[in-house]
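Before anything else, here is the set of structures, which you'll find just below.
Paired with chain B in one complex and with chain C in the other, chain A is shared by the two complexes that follow.
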Partner chain A sequence: MSSRRSRSNQQSSTSRITDDQIADLISKLQQLIPELRGRRFNKVSASKVLQETCNYIRNLHREVDDLSDRLSELLASTEADSEQAAIIRSLLM
Partner chain B sequence: MPPPSSLKQEFLKKWMMGLHICSSSKKNMSILERKKAIKLSADIALASARNGTTCWSQAIIVNASQDDQDKILVQHVLGRESERLMKKGSVLPLTSNKRIRSRKILRRSCGSIRRRARKTIATSPPKVVAISIAKKLIRKRTQLLKRLVPGGKFIMDEISLIEETLDYIISLQAQVDVMRSLANAS
Partner chain C sequence: MKNPSSSSVKSRFTRRFLRALIKINRQKPSSSSSREIFLRYRRIRIAADKAMACVIGSRRAWSRAVLRRIKNQKRKRLADSLRRSNGIHGMKKMVAKEEDEISYEQENELRKLVPGVGAMDLCSMLDETAHYVMCLATQVQVMRKIVDFYST
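For the complex of A and B:
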């Protein structure tokens, strides 16, 4: 009887520790995402944080893609007056 | 917390290295080829800044090594570490040392569970319903996140997934900052 009680106590205290760990990690995530950063003192739900995280990562991927496009076009530019192309070209290639 | 400048510098250094290698191996590239070279070098540079200490960085390295041409770039940028990191089994699959939660993300739902859940929802008090909907949303979004983070499908527990995501986002922010400054340098 007593062993059962102590086992269930142990189980609930360990899962409470992992709950806290996860809540802590989710709040760290919240602070990284610009959309949610200002709302630190209002509790944002975990599922909202995850949703915004996915959106944010997708946006970052898209931005890297756009920037790669821009950089490759800049490098292809053969305009005589395009100074930035010359700078970038000398830096990159 | 903005990405540390040490990370940006490491990324920039490795990225330049990669681009020099790409351009020296192929003289007249089309715009599309150049874009792919820029993007690939950027991703490999980002992964090498973590030197295989994270699941996402190793996944990028392993994926790039699948292609013969890209593999050469990986070997040059990563140097001595590349052989070890290109071996798939060394870090992946990744499980946290911490207790794996019993409320699992990867539960397969079959028709009977869904039917049972619908019945439970119909007969339960609203608070319980709200909690179970929230759990479903979290499960669904966690699956989405696993697909977005490289190597995410090898990560078994929530805690490791969130830690990997945190590191991956900081690295992506560094990558975007450096690439944007270069593109705007005029």
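For the complex of A and C:
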């Protein structure tokens, strides 16, 4: 148990990174966020990792929306058939 | 973190999503009004989320939550889409933050963004988040490639 527990913390209920497991998970998350990837040696604070994770997820949601939008317009204007799908599939695999 | 099966997640998602796209495209709308395009956009987005959630199946809380949400939307139930569970009461941090503290505000912010983690402890939620982020990023990557392909 860390002795770093802040004394003024009686009412605040923050989660402290005393747990190795949490620290591990935070660093695993860090590697997934492009903004923070590869900053392994400059330790990024857990707070920053969570913040960037939230931003990243929000951006990804927006991208899914945007890409779905573009796809719907593209589909309306092209003749996609199963042959094209097979081509795409082979390109992506 | 490289998951050995992440490339199979990618290819399985691609297959499912493409299949759904073909189906959606087959139903040619009578007009290309903006309403039609909007409806299509909605169906495509749901198809993308659903395809990824199906690939992961019941293994993860987030995928179960996504599948549940989609099923409920289909039945036109309103309640679930507004559900926000705060695993812990959202207390604001009163004291000056030290660098590596996570405030409940931040934690709850994340809980709102990741499906299905409402009642989880912090550890489980972080683990779930990592998996969700990986799959979401894969989903975006594949969708981008498809859009690029159709754009040329």
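To be clear about the criterion, the second predicted complex is superposed on the first by the 59 of 93 C-alpha atoms of A that agree within 3 Å, B and C clash if a C-alpha of one lies under 4 Å from a C-alpha of the other, contacts with A are read in each partner's own complex, and residues count from 1 in each chain.
In this section, a residue touches a chain if its C-beta (ideal position, glycine included) is under 8 Å from a C-beta of that chain, and two chains touch if they have at least 3 such contacts.
This structure is a prediction, so every number in the text was calculated from the model and none was measured.
Is A:I26 touching the first partner chain B, the second partner chain C, both, or neither of them?
After superposing on A, A:I26 lies in contact with both chain B and chain C.
Which of the two, chain B or chain C, is in touch with more residues of chain A?
So, of the two partners, C touches more residues of chain A.
Touch check for A:I57: first (chain B), second (chain C), both, or neither?
Both: A:I57 reaches chain B and chain C.
Which residues form the common part of the chain A surface touched by chain B and by chain C?
Shared contact residues on chain A (touching chain B in one complex, chain C in the other): 14-15, 21-22, 25-26, 28-29, 31-33, 45-47, 50-51, 53-54, 56-58, 60-61, 63-65, 67-76, 88, 91-93.
Which residues of chain A touch chain C in the complex?
Going by the criterion above, the answer is residues 6, 8-9, 11-17, 19, 21-22, 25-26, 28-29, 31-33, 45-47, 50-51, 53-54, 56-58, 60-61, 63-65, 67-76, 78, 80-82, 85, 88-89, 91-93.
Could you pull out which chain B residues touch chain A in their complex?
For this pair, the touching residues of chain B are 1, 16, 19-20, 23, 31-32, 34-35, 38-39, 42, 98-99, 101-102, 134, 137-138, 141-142, 144-145, 148-149, 158-159, 162-163, 165-166, 168-170, 172-173, 175-176, 179-180, 182-183, 185-186.
Considering the complex alone, what residue numbers of chain A touch chain B?
Touch list, chain A to chain B: 14-15, 18, 21-22, 25-26, 28-29, 31-33, 45-47, 50-51, 53-54, 56-58, 60-61, 63-65, 67-76, 83-84, 87-88, 91-93.
If you look only at chain C, which of its residues touch chain A in the complex?
1, 10-11, 14-15, 18-19, 21-22, 24-25, 29, 32, 36-38, 40-45, 48-49, 88, 91, 93-95, 97-104, 106-107, 109-110, 113-114, 122-123, 126-127, 129-130, 132-134, 136-137, 139-140, 142-147, 149-151
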